[in-house]
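My questions all concern the structure below.
Letters A, B, C and D name the chains as they come in the text, with residue numbers starting at 1 for each one.
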Amino acid sequence: MDTELIRIGRRFDARGWVMGTSGNFSAVTGRDPLRLAITRSGTHKGELTPADILEYGDGRVLRGEGAASAETALHLEIVAARGAGCVLHTHSIWSTLLSHRHGDEGGLAIEGYEMLKGLAGVSTHEHREWLPILENDQDMPRLAIVVRRTLADHPSCHGFLLRRHGLYTWGAAPAEAARHVEILEFLLESVARSKEAESWRS
Amino acid sequence: MDTELIRIGRRFDARGWVMGTSGNFSAVTGRDPLRLAITRSGTHKGELTPADILEYGDGRVLRGEGAASAETALHLEIVAARGAGCVLHTHSIWSTLLSHRHGDEGGLAIEGYEMLKGLAGVSTHEHREWLPILENDQDMPRLAIVVRRTLADHPSCHGFLLRRHGLYTWGAAPAEAARHVEILEFLLESVARSKEAESWRS
Amino acid sequence: MDTELIRIGRRFDARGWVMGTSGNFSAVTGRDPLRLAITRSGTHKGELTPADILEYGDGRVLRGEGAASAETALHLEIVAARGAGCVLHTHSIWSTLLSHRHGDEGGLAIEGYEMLKGLAGVSTHEHREWLPILENDQDMPRLAIVVRRTLADHPSCHGFLLRRHGLYTWGAAPAEAARHVEILEFLLESVARSKEAESWRS
Amino acid sequence: MDTELIRIGRRFDARGWVMGTSGNFSAVTGRDPLRLAITRSGTHKGELTPADILEYGDGRVLRGEGAASAETALHLEIVAARGAGCVLHTHSIWSTLLSHRHGDEGGLAIEGYEMLKGLAGVSTHEHREWLPILENDQDMPRLAIVVRRTLADHPSCHGFLLRRHGLYTWGAAPAEAARHVEILEFLLESVARSKEAESWRS
């Protein structure tokens, strides 16, 4: 698991999705009781080492030095609601931009793109994906409740945006979660540039 | 052949043209009977291993685990119509954008660029390349027929776009097909940004 | 220290922030008397070797061949005013663009972004960062005085821009300074693209 | 020399400036008689091997298999007129775009940018660089004459653009020529994006 999260970090760093020490990743390592491998707070995701991946469970760090990501509560909500095996959170330019532009509408619809088929369970470009947008909040317990409600209200969504903050997505395993990041980032850039193109002189 | 497809995958991944598990590649390994090396469905093209390249022929996978790309039928049409030795399919932001913008016109003309000379048989920037755009379709046998007709109607085209889906191009060998991807992607970005520049204040 | 500056150079080169031989980096190696490791003038920051990092103190190069960066005086002002352990100067497209666009206003406010929390001491996206913009000047002693006054006038700023020139930021150690570059560059691109998006047809 | 050209090719490929098999590089290896190391026609500049660098002199290939770049005549004009030790030709999106937009004016002025100081002999951002733009032409002897006249008419220019084709620049040695490519490409992108920004809503 750790090796996979480290490799994902390098890949996402190359794309500019985890600048500074932004982003955080987790993978479920046990279900009963629930155990997570989760990135240490304040690490650069492009330069992770095994020591930067903590074991978390029973509400605390069980193994490793330092604090788990401040957003651990959000990871736990997603694991509980979706049975996800991996949760990935990234910060990109396009997710930041669109999360604000469509923030007042509470979400963003994406449809008509072949790339939608890269989302688990989607078999046609005619699929309509609703990507909820949540107001950003530094109060993690409060934000966790909003995440729980959002996941309940949108049982088929594959991710959500935090306004002017970034993307959360997940998957059964790290490879699927990483694929969802790539797919959603591709779609967000496509949506943004297409919107821009509508302003070109015809 | 396998090594070449693996290297092409890494190169295209670095450019963001095969995000998620998108895209698929094939190379002809025998002509009589026809044999293809083709990427396994659902693989990440930036992380291909030899086991991800299947041998295909006589309408089925002859060697390797897993299914051939769902779009194998399109590869076969191109090999048959053009005698291509390699077919490459990629998903980029610019091909996605322009395939939709010009979709209703059925294609896109590109002319006046020196880079056109990177297309096989083109010796001057004054060449006019017509890049056909086909409606996207999840019904592969039906889409294969449209591909066949398009290739017949445009005997000198070097590639085509599927609407909001991506680019297909080909070549006598992997190196030529990869060059065509790079050339066409460069030209598509140039066309899009030039169109954008027409809207700048003069 | 040298190894860290070399690695930072490679990272920033990959992002296009130190094109040509632009940019310069320093790290404090002693406080009493003050000693700096600083990049030699005219080196490519993506290809630094240990020989390209000079020891500087008492107003001159103490160890190594060649001249210290022409902008050493600015590094010294920042170290003195902020107690910084590392000063990094980069040239990016977005800092160049925004430093000119907002140059007449003397600075640029950035607020509302989660990424602001990557700046030392910032704990909420509601933080408002004022990034001062100074007129570019080839007279280094004169520019050093302007830098000193700017740092005094804006005691909580994390960096500043030189108009049509680039970004200066700093940190307690190389890792923090590098994080500030990544954070500020992300924010500058976000601000610029958001401004652009305001012109899209709604 | 060969090693330097190979490394430059890898660097420029990573930036997308030598897509397909575009671009060509040369370095002077002897002055009397004149000898050039020059890239073989039809090679990918990101994957050069020593065998792809030919020795050229007395109007023909002296060592190596294959043909010298079709644009060898232009390299020779630049070496003769400027005493250059290295000539680099690249194809980028921004040079393609601006060479067309400003083609009718015969060139493009760049001034006010700190990055101008990366051009040999320029010591202030107040420098005004005139980058001539030549009409593209497949007739190399004729184009060589236009290059010769352009270099005579603009004795202090550091490069020129071929319309919808690309950039030529040079330097005393490969490192300086490569620096000029990076500097001019940075400036061209800056000029283009600044122009774009003028259209943003104020």
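Heads up, the rule we're going with is that a contact is a pair of C-beta atoms (placed from the backbone, for glycine too) under 8 Å apart; a residue touches a chain by one contact, two chains touch by 3 or more.
On a predicted model such as this, the values are computed, not experimentally measured, just so you know.
Shared touching chains for subunit A and subunit D?
B, C
Write the angle of the rotation needed to overlay subunit C on subunit D, where the fit uses Cα atoms and the result is rounded to the nearest 5°.
90
Which chain is most remote from subunit A in terms of Cα centres?
Max centre-to-centre separation from subunit A belongs to D.
Do subunit A and subunit B, two copies of one chain sequence, contact each other through the same residue numbers, with over half in common, or through different ones?
Different, since under half the interface numbering is common to both chains.
Find the geometric centre of each of subunit A and subunit C from their Cα atoms only, then give the gap between the two centres in Å, rounded to an integer.
30
Go ahead and note the Å separation of the Cα centroids belonging to subunit B and subunit C.
Computed from C-alpha means, the inter-chain centre distance equals 43 Å.
Among the residues of subunit D, which ones contact at least 2 other chains?
Subunit D, residues with two or more chain partners: 14, 196, 199.
What are the touching chain pairs in this one?
A-B, A-C, B-D, C-D
Can you name the residues of subunit B that touch subunit A in the complex?
14, 16, 19-22, 44, 91, 93, 96-97, 100-101, 136, 138, 162, 164-166, 192, 195-196, 198-199
Residues of subunit D touching subunit C in their complex?
Contact set of subunit D toward subunit C: 14-15, 112-115, 118, 123-125, 175, 179-180, 182-183, 185-186, 189-190, 193-194, 196-197, 199-201.
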